[in-house]
Amino acid sequence: MVKSTPRALKLENLNILIDAVSQKYRTYGPVAKDGENAWEEVKADGELSLGCAATMLPAKHILQPVRLDLYSFKSSGGFQIEEPGFDEKIALFGVSPCDVNAILALDRVFGGRFVDPYYWQRRENALIVASNCTESAEESFCTSWDTGPELYSDYDLLITELADGYLLEVGSQRGKVVVNGLNLPGATQEDLKEKASRLDAARAATKKRLPVPPDDLHQLFEERYDHPIWVPNAEVCFSCGNCTFSCPTCFCFDIRDEVKPSRKEGVRNLEWDSCQLLEFAEVAHHANFRRLRIDRFKHRTIHKLSWMKQQYGLTGCVGCGRCVRWCPSWPVRRGRITSLADPVEIIADMLEPPEKVEGVERPGGVIV
Amino acid sequence: MKEKRRITSGKPLEKQIKVDYLARTEGEAGVYALVSDSEVKELKFNIWEPARFFEGFLVGRMYYEVHDLVSRICGICPISHMTTALRALEKATGVMISEQTRIVRHILAQSQIASSHIIHLYMLAAPDYMGYDSIIPVISEHPDIFKRYYRMKTAVNKLSTLIGGRALHTMSVLFGKFTRVPSRKSFLEVADDLKAIKDDALETVRFVSRLPIPEFYSENIYVSLKGKDFYPINEGRLASTSGLDVSEDEYRAHFTEQQLPYTNSKYSALNGKDSFMVGALARINQNFDLLSDDAKAIAAEVGFSVPNHNPYLNNLAQAIEIVNGIDDCINLIDAFYPQKEEPAFSIREGEGGAITEAPRGLLYHSYRVSKDGVIEKADIVTPTAHNASNVEKDLNLLLPTISHLGVEEITMRCEELIRAYDPCFSCSVH
Amino acid sequence: MENPYIVEPAAITSIRQETDETKTYTLKFVERERTLQFTPGQFNMISLLGVGEGAFSITSSPLQKDDFEHTIRLVGNLTRAIDRLAQGDIVGVRGPYGTGWPIDSAKGKDIFIIAGGVGLAPLRGLINLIIERRNDFGVVEIMYGSRKPDELVFTSEYDKWRAAPNISLFLTVDEVPEGFEWTHGRGVVTNLLGLSKIDPANALAFVCGPEIMMRFVARSLTIRGLAEENIFVSLERRMECGMAKCGRCMLGRAYICTDGPVFSYPEVRSLPQNLLAASF
Amino acid sequence: MTANSNSNQKVKAAVFKFTCCAGCQFALLHFFDQQVETLELLDFVYFKMARRKELDEPYELAFIEGGVSAPEHIEQLKAIRKQAKTLVAFGACAAHGGVPAIKDWQTEIDVEERAYPDPLLVSSMKVSPVDEFVKVDHYLRGCPIDEVEFMEMIRSIAADKRPYVREHPVCLECKLKNNICILLMREGVQESMCLGPVTRGGCRVVCTSNMRACFGCRGPMSNPNIAEMVRTFKGKGFSGKDIEMRFTEYAGLSAEFREGARAYYERKAPYYKRKAA
């Protein structure tokens, strides 16, 4: 008879768990790359680099690869289509709470009336080993959304770093199967207390906060859609798309066909795309519904902070701070150098009384 | 080419050789000759490649971008221009590079020489002797030869790509350093690839030696770097078979250039008068002893010995150099343990020149740099500019010996001779 | 898992040239007996594998069960390749997508159908449906404008439309080339509203055309007394998926592909970044 | 049903060289090994670097390599345009003038005299991109051209559809490759003065993947924010000279990069204008 596993276990070191997971799953995790963290496949001797420091690309790129073959086709009179299958078991090891919350948002995007099989085949096969953040990165503001530093649900396994090892919590049957064979001791009351106090400390260390309650954002953007501060902000935007590519909840993509030299076969593939790029909304005859930089800049900001919530019930920002970090433009606002894409700074901008922003003219409408 | 036979009473038969645009070379040049019986009446080797004035516009640029810009002198040997410019600039500004950077630059240069030679032999030179106008028919008619070519080029390109980021116009090369040096593991992987094509390289020597290469004797002065302990690529003494043996800094004391009205390339001369040959044949003629054992052995096997005075056999010399280059790279990689280094340097004003061996021969760059790092003077002499006058000399010698042949055949022979020099007209008119 | 990105082969059973640049294609699924269930105003994604995919309104009437029609104008890469196709060629189809015209709320009411250019395409199915179910609806006035007379689409059906009881068709063009005989209106389509006999109090308007035109039409209609919520417009944006995944057609919080393309005028006015929006 | 699937004819192509290093043609030779299948869609009726054959056949597709720098080039170019159905600007020099166009930034005669004792013997004028004289159908940018983009173009032209040429910035591909941002994370002109945010991508970020700052060889993207690029460079501490040099290396003739090169001297980058609090 198998003894049932208690929810909270004590783990001496991570390797025990990584070994157990990687035996059953192709395992991905944040590893050090060129001085930053990046989600890559974790090799047996690889070193995970956990903690709050957000990875370059979010874990999303494991669930929806940056480039992906939708299907291949052959034509001979009519056509035959061949779909690539995906049945590999994958594990996301060390997902931070904000990223888990971002995945929940993506679940809604790729679910709904039309279910996107490419995302879901991976998602359903994915074991989520989440990791609470016991430290706080300068850029993140997850506490404002309550998307971190602590994760409460929606994980298979959850680890929290303690002074002498890790607390391992089991959140699903699938997670339980992984740890069952490991013979781990149960966690003590002290361990649980230590977790709570560590996460409280991390919460307290997260200094960056939204200047308004999240629920007010919808109204703020609605009322101040034409706030003059958008103009100087958009003026320094490169429209480079770094903010959207690094965002864990951005999902937009492009579909393109490629033909093989025979011209009778080819593949239709998908690649990430960004609303910040000029060509994103271009239609025939080079008409463009978002030709102006300011329209694109507004679209991304408001989509993340307000519209996505209206569309999916979950906000499009989880406060991970990636866009803050990777935006190459650093304007001076309120006397400090800040990141242009920083949602917190943009909201603070919006709160400035419109009359106080001078010398800027609002360019008229959409040019079509 | 057009054939014109003018038969006028009393006059001997004149043959006009005219190639407007030489094929399968890099850049644009033509040749015009008028031969009657065994006399060359007129000869013009006309390099009409449009001038780009590198020496002119480099003035005013910053020291750290010169190597990148000059690499665009030539699409085939960008690495040679890069390395030479860097050595000259580093000398001028008093910057010392690490031993590691030196070694990696050497391996990179060797990989480029091998790649260039492979392309020249198989794609540019061999079709002549195999009776094709390009390599395209070779793909289907001699798949074994094409595959051998393909394997070799893939392997050496892999080495250039590993170090440089891509095979052409590498980008990891910086003033004073590399952006990053690959790990020993990845170097060893490529070394395995190089070992795997060693037989192909030896076979290439045999293949070239079996091509119907004409017998032709033309005693030249050969100029190249001369090595002491190893086959010279990026450094060595400046030497000639006519007795020159000086340091590279004395280049300008012995070599001069002259502009001619019918060609955009300047013509180089040794001691103000002599034409001379540079390139693989010149290097081997002066450094045969420094070749790897296998290179020497295969040379002996195909009956190649030095000094060799058949310029057509520059092709064979290149094939032998491929073997040598592969051996050189394998040995260097074997003993190479990359370290992470973050070299810091400051620059001073000054002037400096450097010479390296590009695939096609001796390459000279020299610069003067101001204290702010701005280029004040640039001087570049390329292998094909060095060779240009010798090509004319050889054509003058060759034409009388083949003047009895048909115009088509004479033209072919002349083209083969020029191609044997592996000229790069883009380089020559930089 | 069912894959909604996969297209089904459909054969072109006939092609009708509408204008120099526009053709109407009749399509029929090849692999299985399937009728396309749709409401006029909805669209399909049409693929030419190897070239691309695009959104095209279904222009036939939903009562036409055996096959369906698309009217496609040559504007670029995909449409150029489609333009070269011949009868018997196969295209890929998925759909239908989007919302259609709110036909049920139009029952018993008078209807304005106002279109510009190829914007008549999503309305043609509706017109033919109305004719087939003539008794369900009140008076219908079709107001259609294009740049030039030879750019009008569906001209072969005008007689049929005019012949139907209580339907009038008003035409207008921006310019008439010299030597061309033209007895209808000139100028913008809003001019035609002066000819209307419909009582706006009991009417609905279905509008499709360039955004700038729809803006003026909507404004004129409200001035004539049509309630804003009785005006419906169809919008166009670039689309890659048609299923609210690719994000391209997003307009504020709305997806044109699933929340639209047919919207009521007040809805559109609340969305930013379009010419009908309140603040522009 | 794929595009044009019933046509199996090869496209007759010709390669012409003007003022450049011939590196793009040479890159094409390189592709011959790996991409035989795609290159077989073309029949090179004129390709001097690869084939000993005169131009004696009509062609549909012309690759123009190099910029225009001599009066005789213009006539040749116009003749080529007349014949070719599709004309492709092949490489940075054809698209933007490339490195040789650095010459245009200085007094012409000074430059020429530094290189030749008698410049009058050399036929030359200012360097211009090909589209200054003829209409260009497609651009293959880059110094040198990118293999993947080239192959996609050949296949598309052979299938008679529009080739996919990326218009987005280099940054995008860096992110998709999970590269760190060297503009933000590194120091030094050579490694970190990155034009990525304003340069057109499609190069598969060979430079930044090798820790080298993008030097803009593919020219400006579709709507580059040059003023902000200049401001960012200044913010990172690069000098006006550095900025001018960076913008003029490979595509200095493009209107946008020209603006960047001049911005330092001609205006201060705009920023917030606010009332005093």
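Order as written gives the chain letters A, B, C and D; numbering starts at 1 within each chain.
Here is the rule we use: a residue touches a chain if its C-beta (ideal position, glycine included) is under 8 Å from a C-beta of that chain, and two chains touch if they have at least 3 such contacts.
All figures in this text were calculated on a predicted structure; none of them were measured in a lab.
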item: Contact pairs, highest-scoring chain pair; value: B-D
item: Centroid spacing, where centroids are CA-atom means, of chain A and chain D in whole angstrom; value: 35
item: Chain A and chain B: spacing of chain centres that average the CA atoms, whole Å; value: 52
item: Chain centre separation (chain A, chain C; CA means) in Å; value: 38
item: Centre distance in Å when chain C and chain D are each reduced to the mean of their C-alpha atoms; value: 43
item: Per-residue multi-chain contacts in chain A, two or more chains; value: 73, 75, 78-79, 256, 259, 263, 266
item: Per-residue overlap in chain D, given as positions that touch at least 2 other chains; value: 1-4, 159, 161, 211
item: Of all residues in chain C, the ones touching two or more other chains; value: 49-52, 76, 90, 92
item: Chain pairs that touch, as defined at the top of this document; value: A-C, A-D, B-D, C-D
item: Partner chain C, residues of chain D touching it in the complex; value: 1-4, 159-162
item: Touching residues on chain D, where the partner in the complex is chain B; value: 17-27, 29-30, 32-33, 36, 44, 47-53, 66, 69-70, 73, 98-100, 102-103, 105-106, 110-118, 121-124, 143-144, 189-191, 206-207, 209-212, 215, 241-242, 245, 249
item: Chain C - residues contacting chain D, complex; value: 48-52, 76-77, 81, 84-85, 89-92
item: Residue numbers on chain A that touch chain D, as the complex places them; value: 33-36, 38-40, 56-57, 61, 66-67, 73, 75, 78-79, 232, 235-242, 245-246, 256, 258-261, 263-266, 271-272, 274, 277-279, 293, 325-326, 328-333, 337, 356-360
item: Sites on chain D touched by chain A in the complex; value: 1-5, 37-38, 40-41, 152, 155-156, 158-159, 161, 164, 167-169, 171-172, 175-176, 178-181, 183-185, 196-198, 211, 222-225, 228-229, 231-232, 235, 270-275, 277
